[in-house]
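In what follows, structures are represented as structure tokens.
In the two assemblies presented below, subunit A is common to both, partnered first by subunit B and then by subunit C.
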Partner chain A sequence: MSNILVVNQVNKVYGRKQALNNVSLNIAPGRIVGLLGSNGSGKSTLMKLVAGLLHPASGSIQVTGKPIGLETKSLVSFMPDRPLTEKWMKVRDAIAYYRDFYADFDEEKAREMLEFMNLAEDERVSHLSKGMNERLQLTLALSRKARLYLLDEPIGGVDPVARGKILDAIVKFYDEDSSLIISTHLVNDIERIFDEVVFIREGKVFMHEEVETIRLKHGKSVDEMFKEVYAE
Partner chain B sequence: MPIEFDNNLPIYLQIMQYIKRQIVTGTLKAGDKIPSVRELAAELQINPNTVQRTFQELEREEVVETKRGLGRYVTSEERKIMMIKKEMAGELLDRFLTGMQELGIEEQDIVSIVTDALAEGSQGKGEQTHE
Partner chain C sequence: MMTLLKYDFRRSWNTLLAGLVILIIVQLALTIFVSSGVTANVLGMMAYVGAGVAIFVKMIKTYTANIRSYNRRLIPVTGLSHMLSPIIFGALCGLGLLLIGFVHVCLYATLKLKLSLFVFFDVPNISVAEVMSTLLFTGWIVLFMTIMIFFSISVAGTFRWKTGPWIGIVTFIVLINLLSWLENIIFSGKFSPNDLFQFTEESTGISFTANGVIWADGRWGTTVFEMALAALLVWGIIYMNTKKVEV
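This part shows the complex of A and B:
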């Protein structure tokens, strides 16, 4: 099957800082991919490029063979690390907002997910705890019928129990024909849901490997590998 | 979570062991339906493809069988289940023997240690039932 995502020799520069340095990457359909790296390694930059929110200085990116642009906006669902919802909104408004904005938004799935996440529709978004807000953002992102989902730090600010719930939801609600890229630096909690991991360090792809291969070949967990790669 | 994973070992091998153990101990019986890929992935909080791979390996070993359109079932052959039990016992025994040999214990001594332990064990049980 042809790749969902092809990133070819992409460079991105902020002023004098090289955020991404000659990054190439292929992601096949039906994969859950961990995008791992410490803060400032280039994870979010790569996601924003794929989402079409930033443009590369050079190189090309394609989603299902189409170059990033208007056409790929409906193929990619992006959950940014900062919420897109407005303060005045209730959960219900956030759902309506997404439904109006995205033709591929599946309202029924969203309601099912809200229930699973214990989110009430009349709750104010601004009153939600950080963890509950992450649940809402995940619900919004996964309720679109996309081919590629980008989740930027979906378990960043939540306690281990809430983390479990979010992982549950990802496994339960993701669509098997599409692929999922999840960025995180909390590797230990989440490594079991990955098919493969991409290690990014200082803007470069340092390693791209199947997680079971890491365990089989090196006898190491992804977390241990991560700590070795990023040891200072 | 019903299973504690060791992230240093391939997860699919650990789930295979987990299911085989359930079969041997009778939690899953011959001919029982096993959970779907989705169900087990959600229950264990792991990647669905990993569960898929586990099931494929178990099918290859004829521990489970797929009935078209119905799902996956534990083999209905008792002989196969006995084989799994022997295999798991064999693995335990290997680990035990390796450990004993590493401690430098002679073969005949291993036998007497085991015999003594078994005798003590049955005595212990006897005393308990007296109380």
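This part shows the complex of A and C:
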């Protein structure tokens, strides 16, 4: 089966800083991939490039064989590190916004997820706590029937209870025909759901392995391998 | 695009409503508390002009926010729609303001001055066609200015540095001067927007005359030239927003 995501020799530069250096990556359908790296390693940059928010200096990115552009915005569901909602919105407005713009938005699934996440539709987005806001953003992202889901730090800065709830929701509501890329540096909490992991360091792909291979070949958990790779 | 427009309005709804309430309060206060008719009229007119400027600024801010916001950049909507939505937003708000002004004038004329509304349609030497052409031409000038500002904002957006806004301002100044220079070279200064209106001050007060738009002496030429330039700028805006502007 052809890859959902193909990243080919992508470079990205911010001024003098090389954020991504010749990054190549293929992601097959039906995979949950951990994009792991320390702060500033290039995880968010790679995700924003795939989502079409940034443009590569060189190289190419394709989603289901299509170059990044208007068409791929219908195929990619991105949960970035900042809210996709606006201050004036209530939870129901955020749902309506997604329903209005994304043909693949499943409103029934969204309501099911809201219930699972303990979110009320008449709550103001600006009144939600960080953890509840993360839950809402995840609900919006996963309620689409996209081919590729990108979750940028979905459990960053939330308490362990919310963290568990978010991970449960990812596993429960993730569409198995699609691929899911989750960026994080909180590896220990999340490694149980990964099929494969990509280690990214100083803008370069350092390692791309199946989780099982890491366990069998190196005799380590993903968290242990992460600590070894990023040891200072 | 209509959906984008809906969300532009929903985001700005409270501001627009607050602006409308302030405008009504100001006009009511002028009518009730200012005894001098001329002073009240001038201040009232200034309040409308202020509201118009505020709408224009809101439209520019809406565009700037939209090209920089994740939730707008991620939706599968064409670059042209992203550009047109704030323009239509501004145009509808402007038309709303004109309508409010028109109703105000009608009320003022019938209730305070005890005039018949038909006097507005029976002004010597001014035809409806002239008024319409003047309004359309003024609308075009505002639209063209808006496109140039949007272009400058998009240019600024292609730079990640803090100097981005300054680059946008410089771009706008260069564009304005380049346009003026080109029009002077090509059309030998045959037309100036100043020709549209004439203000004359006499001992009895200030009179204002709209000359209308006479489509002669190169005026068609400059307008067609500006339209061609506007099309080019729109293409540039869409290209930059799609390929260069980063969030």
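As a working rule, the second predicted complex is superposed on the first by the 232 of 232 C-alpha atoms of A that agree within 3 Å, B and C clash if a C-alpha of one lies under 4 Å from a C-alpha of the other, contacts with A are read in each partner's own complex, and residues count from 1 in each chain.
By definition in this document, a contact is a pair of C-beta atoms (placed from the backbone, for glycine too) under 8 Å apart; a residue touches a chain by one contact, two chains touch by 3 or more.
No experiment lies behind these values; they were computed from the predicted model shown.
Student: Following superposition onto subunit A, is the placement of subunit B relative to subunit C best described as a clash or a fit?
Tutor: They fit: once the shared chain is superposed, the two partners occupy separate space.
Student: Quick check on the superposed pair: does A:Gly164 touch subunit B, subunit C, both, or neither? Answer first, second, both or neither.
Tutor: Once the two structures are laid over each other on A, A:Gly164 reaches subunit B alone.
Student: Can A:Lys48 be said to touch subunit B (first), subunit C (second), both, or neither?
Tutor: A:Lys48 sits against subunit C, while subunit B stays out of touch.
Student: Touching A:Phe78 in the superposition: subunit B (first), subunit C (second), both, neither?
Tutor: A:Phe78 contacts subunit C only, not subunit B.
Student: From the overlay on chain A, compute the angle at subunit A's CA centre subtended by subunit B and subunit C, rounding to the nearest 10 degrees.
Tutor: 160
Student: Touch check for A:Ala57: first (subunit B), second (subunit C), both, or neither?
Tutor: After superposition on chain A, A:Ala57 lies in contact with neither partner.
Student: Quick one: is A:Asn188 in contact with subunit B, with subunit C, with both, or with neither? Answer first, second, both or neither.
Tutor: first
Student: Between subunit B and subunit C, what minimal C-alpha to C-alpha distance in angstrom results from the superposition?
Tutor: 28
Student: Can you name the residues of subunit C that touch subunit A in the complex?
Tutor: Residue positions touching the partner: 3, 6-7, 10-11, 13-14, 70-71, 73-78, 160-161, 242-244, 246-247.
Student: Quick check on the complex: what are the subunit B residues that touch subunit A?
Tutor: Residue positions touching the partner: 5, 7-12, 38, 41-42, 44-50, 53.
Student: Spell out the residues on subunit A that touch subunit C in their complex, using ranges where they run on.
Tutor: By the definition above, subunit A touches subunit C via 14-15, 48, 51-55, 69-71, 73-74, 78, 80, 82, 84-86, 88, 93, 97, 100-102.
Student: Please output the residues of subunit A touching subunit B within their complex, sorted ascending.
Tutor: 30-32, 164, 167-168, 171-172, 176, 188, 191-195, 211-212, 215-216, 219-224
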